[in-house]
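Multiple structures follow.
Same chain, two partners: subunit A is paired with subunit B first, then with subunit C.
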Partner chain A sequence: MNIRKNIAISESGFIFNPLTGDSFSVNETGLFVLRKLKAEENEETILKAFQEEFELDRNTAEIDLNDFLSMLKSYQLTAYEEA
Partner chain B sequence: MKPDYERPVIQKLNTGLLNKFGSRTEQRPVKQIEGVAISDLMDQYGSPLFVISEKKIRQTYRRALKAFTMRYPKVQFAWSYKTNYLDAVCRVFHQEGSWAEVVSGFEYRKALGNGVPGNLIIFNGPDKSTEDLQMAVDNRSLIHIDHFDELYALIELLEGTEKRARVAIRVNMDTGVYPQWDRFGFNYESGEAWNAIMKIVTQKNLDLEGLHCHIGTYMLTPGAYSVATQKMCELAQATANRTGVKVKYIDMGGGFCSSNTLKGSYLQGVDVIPTFDDYAEAIVNTIMHFGFRPDELPLLILETGRALIDEAGSLLGTVLAAKRLSDGRRATILDIGVNILFTSFWYNHRISPAQEFTQHAEEMALYGPLCMNIDCIRESVSLPLLKRGDRVVIHEVGAYNMTQWMQFITLRPNVVMIDTNGKVHLIRKNETMESIVEQECLPDHLKDFTL
Partner chain C sequence: MKRRKITVGVTGLNNIDSPGPGIPVIRALKESREFDVRIIGLSYETLEPGIYMQELVDKVYQLPLPTAGTTVLKERLQYIHEAEKPDVIIPNFDAELHNFIKISQWMQEELNMATFLPSRDAFEERQKAELNKFGEKYGVRVPASHMISQVQGLKKLEEEIDYPMVIKGRYYDAYIVSSLEQASSYFYKIVAKWGYPVIVQEFVNGTDVNVTALGNGKGTCIGAVPMRKLYITDKGKAWSGISLEDDKLMEISRNIIEKSQWRGGCELEFIKTRKEEYYLIEMNPRFPAWVYLANGCGQNHAEALVKMALGEEVKPFTQYRSGKMFIRYSYDMIVDISEFEKISTAGEK
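Let's turn to the complex of A and B:
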């Protein structure tokens, strides 16, 4: 999953979608994931980076990342993916 | 050292939808109750867990009593058993000087078991069996008659005996609030209450000692009590003038609000409820201005339940899961269900996390553990991010939950009381498989089967 290229991400976790005009805020962990996505890292790499950065187990990381990605998708912040 | 982990969240920012109360409901975690760590309580007594503060009960009771006694010379509280009839709770009120107010034979026996003298038990309610009435007569209890069938049952019971019953009638009336509570007792405006009084005063075995009313519950308007008190005083005076019977007391029942927030209320409960002083002012002013002679002022009895105990009770619980609903909303599942938190049907209970959290919050629905769609504790509440295993405190649950709870799908939990010295006492043991099955009887032909 990739984040759309025109999505603006500030240092403090403020997100702006120029296509819809919507703005969002993310917490520190959310910002961490968004930056990885922006750098076009895949989910497996992000999961590993997650565990390196924070004290958490693989299952929790997977549950939380999947939940976060589903929200990005529902807010139309992700790039179109071929089925 | 790695930074603390918090699951990633993204919140859509909405402009133009200002919320004057702010977006957060809780600013800091609640980690202890009366100086006892919540983590210690839950580690020892499990989750969920009801916690009652003895100190808070006594403080609230004394505040209520003071509001009335500083205005009126003859005040008596009677603890409403149905609000919370755990023996430890009842005994705190009895130690403070409360009589007992009961509404069933079961509650009556509980009051006797707690050592309340029979003549200090007020027997309300529409359900009194002949056996209950006999017991109340023998113990010289105050029988508050609810309907004519009960009155005639009592007359029949005493016929041909030398025994006398101390009675009052329950009176319902229009106090200007909607809905009017007219299912308990005899109606004032229709003259039914007067008919009941006339029937009683003509009976040689019945002593009319008082008048009782219970005008409603969670009464937000103290003015309704002024109206009710005025009508009670008029009835008392009319009884004295026409029959010569001077009632000894006026019992204004209960109905005072706790500071919980009712569902649908725009403002928080604590901002809209009348204080004990407001209620006392409404009731006492009316009596004092009515024109009783100083030596004939009736005893004022109050059966306040909810307002005296709600704040003293907390319910501790644990997050079982955090999931998403189809519209993207967060749903958090707790181990606290409506089966033990009955009041969540009409209150938006205040809920606090019991551990540190960050400044990020989520709008969420809070569900209980029951596999039932109705098991919803809060439909929408903004709380810090909660994850499996986190602990929460639900505030002001002391009234009705520990009496109206039901054993459904899960078992009822432990109840502890923290005494005034901070010592924790188990006051009701959690149910077990054995304690539930013990009540069941299995027919012989159903004992064996083969699958």
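Let's turn to the complex of A and C:
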């Protein structure tokens, strides 16, 4: 999954989508995932990094990550071909 | 750089909850790097707030209402010309444009007052009632629209358009209705305010996205900035909004301005659906009240319009900043009764 290229992500976790004008706030966990997505890392790499960073078992990490990714998709933050 | 002194007359000083574009246009002109602008406010009613904004408006004259026709308007402009010698006039109301377009050549030749207005044909073809044809001609999606002059027309349209539908006035006002009763009630409300015909439009579900744009009348779009409304008043007006970065929307907008050879400022109102389809719901023939946002994004459309009105070449803006917001506020001015007296009795102040 790729997030839209022009999405702006601030240090504090404030997200601005210039295509729709929507803005969001994400917590530290969300910011971690978004930065990885922005760096175009694949989902498997992100999952591993996510698991390690927050000391999670694989199952919990997978559920939380998928949940977050579907949320990004529903808010049109992902690239169009993925939406 | 030394700024050139010019005098510009501006209408639309009604900076109220359903605001005219006059004050935003004036603010943009006052921030011009090329012009040192003296502003002549042109008003229709005595309580238009812009009349009393002395830091923005240097002198005010009342104009006859558009229904009075062009002869009276010419006389008034002649009087204003003798007193102020305005270089450019920027009309900002839909309802007055017809008269100004009609006399623009006379204004230029007799009074040396420049305008920068669309041709009569371009003005007419984007009328709300002509939207279907307009969409077809310029290859842009539009919702199905019908004009009716009798309330019975609503019943017939039920076979063609599903509820909810949109009931619109010729110049302003739009209401979303879900039943024949509601539609009839708004039909009469609109007729009382704006007269016939009433426009009945298919409702397109999606997000409102608007574009403020400027064309040079020769097929070039000089500037365009897209915006999404973030806070909408009960009158449907944007009380705050944010500039967007939307290539598809910009391409559609530029295409309309270029193909229609639009001359002057305008506002394109679209609905963007979930499928990322854009439906043009209106093209307003003047700057929108939020045009100052364009200035905030790096495109001073009012200044560019004045330059073109003066016959100067203007290169198209190539960029603007997205993520810039405008937030309106209301502000109470304290005005002495003598100020009100001047405009009420002498028609100028």
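Things worth noting here:
The rule is short, and it goes like this: the second predicted complex is superposed on the first by the 81 of 83 C-alpha atoms of A that agree within 3 Å, B and C clash if a C-alpha of one lies under 4 Å from a C-alpha of the other, contacts with A are read in each partner's own complex, and residues count from 1 in each chain.
What we mean here is this: contacts are C-beta pairs under 8 Å (C-beta built on N, C-alpha and C of every residue); 3 or more make two chains touch, one makes a residue touch a chain.
All values reported here derive from a predicted model rather than from experimental measurement.
After superposition onto subunit A, partners subunit B and subunit C are found to sit side by side with no clash. Of the two partner chains placed by superposition, only subunit B is touched by A:Asp64; subunit C is not. Judged by the touch definition given at the top, the superposed model places A:Thr45 against neither subunit B nor subunit C. After overlaying the two complexes on the shared chain, residue contacts for A:Leu19 are found with subunit C alone; subunit B is out of touch. Using C-alpha centres, the superposed arrangement gives subunit A a vertex angle toward subunit B and subunit C of 90 degrees, stated as a multiple of 10.
In the superposed pair of complexes, A:Ser10 makes contact with neither subunit B nor subunit C.
A simple residue count on subunit A separates subunit B from subunit C, and the partner touching more is B.
Contacts of A:Leu72 after superposition on the shared chain: subunit B is touched, whereas subunit C is not.
When the two structures are aligned on the shared chain, A:Gly30 is found in touch with subunit B, with no touch to subunit C.
Superposition on the common chain places the nearest Cα atoms of subunit B and subunit C 6 Å from each other. Every residue of subunit A that touches subunit C in the complex is listed here, in rising order: 6, 8, 16, 18-21, 80. Only residues 15, 22-30, 32-33, 53-56, 60, 64-65, 67-68, 70-72, 74-75 of subunit A touch subunit B when the two sit together in their complex.
Residues 207, 227-228, 230, 241-242, 244-246, 276, 322-323 of subunit C touch subunit A in their complex. The residues of subunit B lying in touch with subunit A in their complex are 2-13, 324, 328, 358, 360, 385, 387.
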